[in-house]
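These notes are about the structure you will find just below.
Chain lettering (A, B and C) follows the sequence in which the chains are written, and residue indices restart at 1 in each chain.
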Amino acid sequence: MRRLDGALVAAVVVGALLLAAPFYYAPYRVEQIASALVLAIIVLGLGILTGFSGQISLGHSAFVGIGAYIAAILVEDHGWPYVATIPVAGAVCLGAGIVVGLPALRLRGLHLALVTLAFAAVFPAMLRRFNGLTHGNRGIRLDDAVAPGWTGLADDQWVYMVVLVTAAALFLFARNVIRSRVGRSMIAVRDDEIAAQAAGINVARVRTLAFGLSALFAGVAGALETLLVGAVAPSSFGVLPSIGYVVGLVIGGVGSLVGALIGGFAIHFLPRWAADINVQLSGVVYGGLLIALTYIAPDGIVGLGRRARRLLSSPTNQGDNKS
Amino acid sequence: MSALLAVRDLHAGYGPIRVLHEIDLEVGTGEIVAVLGANGAGKTTLLRAISGLGRASGSVRIDGREVLGRPAERLARLGIGHVPEGRGTFIDLTVEENLRVATRSRVDIERWYDQFPVLAQRRRQLAGTLSGGEQQMLAIARTLLSKPRVLLLDEPSTGLAPTITREVFRILAEVRALESTAMLIVEQNASLALDLADRAYVLETGRIVLGGPSNQLRYDDAVRGAYLGY
Amino acid sequence: MDRFLQQVADGIVNGSIYALVALALVLIHRTTGLVNFAQGELAMLSTYVAWSLLDSGASMPVAVAVTLAASFAGGALIERVLIRPVESSSPLAIVMITIGLFISVNSLAAWIWTPIGRPLRPLFGFGGDVFELPAGVRLNGQELTIVAILLVVAGALYVFFRLTRIGLLMRAASSNPTSSRLAGVNVGRLLMLGWGLAATMGALAGILVAPKLTLSPSLMLIVLIYGFAAATLGGFDSPLGAVVGGIAVGLAESLAATYVAFVGSDLKLAVAFALILVVLLVRPAGLFGSRTVHRA
């Protein structure tokens, strides 16, 4: 009972802080927090794919890119309002994710990582190729978003709120999925595919659905990013961002909602802090951190938290066994 | 008289799961000792603990020298020859290559080809294509090529037809006669094991519950009921 | 027809580079069952080391020899220090570590040498000379060197694995590490050897291809993807497959870029991707791979 209260209190506190942020900080800072939230959404989707259904993807920047470009094209070429593009981006990416998930059924582990990596590498080139639609290499530049008059918010605050509300909705959605039968099926498939199949779970459906959902999250995040940044270009979506998302997942803790939030903030702010020291060295710090975390905290920061809690609560409990 | 292989107060397991408790056993020079027990009794864990593959506490001595805790490749060079469960042949390598892993000596390899003509016939074949019995002979030959002081065999009869199993055990008896190699054999097939071995122990849920000369154990009521089926 | 043959020749040259990278990948996969995502970046780092040595006045043979030796040591060290402790962990953990290496090394190179492209001389003096081959095909000295070196390396690896004792022990260790240990084989040292060799081959590939592409931190990423495609096509367990796969990928890239209008020069990489995907779906073991590649 106490633990549940603790989590609830923490959630409320965090929620309140996030809600208050745009009224307290300067616009550039507000934008940064919003970016971190967007990253958290992507990491969350990736967490559903990797943490709950056990499939590795190094190519999620492609889905983010699809969502981002859909939003940009709809707004710039067809005059849509920003907010309306978000569900469209999500829906299209849900479909795209399912389509990608189908061939991924035959691939496991390192093979899947490889294919998705190649996918991420090819994606910017594909964007450039279809330049009729995507405006080619120079990308699309959009007008900044304007807050509707009835909200009484400044422009940056309005954008932030859109991001926050969407993020909250998606986190709730993720929570419900994980606790539902679908979520449990995913975990069953991840832990032992053959046993899951024997238990009557449609493994193919679960795995493709996991891909679709994670792509949906990424697509929505892409649309939000277009809203935030006001521009899209092929160079923003490639191998390095994809890897960044996986780093965020590992830092936060695979398979944890809170972890996704931590991960998103980590991959937004860590490179910036490291870059304050030296731009190129930030990559070294990043990579080094990733390696170090894999040893020390394979379950991410959330895993560390769990271990700390166990150690503190029970003096005889020694934690994981490694044989 | 110090035994060739002396195990004292051995405890072993996997992580928090303890499998073996307070194991004491001995194998003397030139002796064949059997360890009987049902599935899950801990027989494989025992051999792995002795050969260095698994973690254990207690004492394992070869010729009086403490060797517990050393890595498996070191123990192999100190004279422990472990033929693992499932044979452990290199299925992607040919028979010839399997043997060459163990030794550079052409003479020694030819000698074992004479002992096992069927291996000589199949020397260029991939080990994975051999029958179970042939792979067992290959595994034994390969291990013997390292000139071990004591041979550890993990359930040599598994998956083999009765005639083949008898052949394998006959070969083991011959090896002992020729080389005086000591052997520690864990087996579910108690009857064959007791025929071959000089002494035997009975392992139940990780503890030695009985030990003595095989003739004695063969007529022990408890052993008969549980392992010999009559 | 002339143009076709020229494209074929170019494809074989590029394919040789991919084959070298694929050989490195196959070597690591055969010994440890892993895919090394950082292979390209390590090769790039080695190439920069070579460039630095040349830049500070070393002769080509010295620079190359030192670089190869340093790469060997580096590869072995990485196996011992970074990979060995987590070898038995989940695939995700190992992917993470090689990816961490990928990012670190890439940034390290950019930090030390800055992202500006550097020129690297061809390996031999005649590298810049153009040779007229039969049927109107023209290749320069460096390109011929690349193909020749691939053949030498592939031949040397074949001899190494099939005819030497260490090669036999490495094959045994990859076939069954436990039995190898029980036979007294020091598996750990063989793993270090495998990674060292792979790093050396990667370095060689980098040194050979840099003059063509200009040396920059992003040099090897694309080459790596092609190398992956080659290894996938040929089978991650087969050195022969790596060579055949590499040449095949080189040819496919070259011919598709010219003859398939849709592809153009942007989407050449898509050819590699499509190849990887199709092979993994249709025949995951590749053309020459034999074992099931899944590790529990």
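What we mean here is this: a contact is a pair of C-beta atoms (placed from the backbone, for glycine too) under 8 Å apart; a residue touches a chain by one contact, two chains touch by 3 or more.
Only a predicted model underlies this, so the values are computations on that prediction, with no experimental measurement involved.
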item	value
Farthest chain relative to chain B (centres taken as mean CA coordinates)	A
Chain closest to the middle [Cα centroid of all protein chains]	C
Separation of mean Cα positions, chain C and chain B [Å, integer]	43
Chain A-chain C separation of Cα centroids, rounded to whole Å	32
Cα-centroid distance, chain A relative to chain B, in whole angstrom	54
Where chain A touches two or more other chains, by residue	none
Shared-contact residues (touching 2 or more other chains) in chain C	none
Of chain A, residues touching chain C in the complex	50, 56, 58, 103, 106-111, 113-115, 117-119, 121-122, 125-126, 128-129, 239-240, 243, 246-247, 250, 254, 278, 280-284, 286-291, 293-295, 298
Contact set on chain C toward chain A in their complex	34-35, 37, 82, 85-86, 89, 91-93, 95-97, 99-108, 110-111, 114-115, 221-222, 225, 228-229, 232, 264, 266-267, 269-270, 272-273, 276-277, 280-281, 284, 293-294
Chain B partner contacts - residues on chain C that touch it in the complex	165, 168-169, 171-172, 175-176, 178-187, 290-291
Residues of chain B that touch chain C when the two form their complex	51-53, 71-73, 76-77, 81-82, 84, 88-93, 97-98, 100-102, 104, 142-143, 146
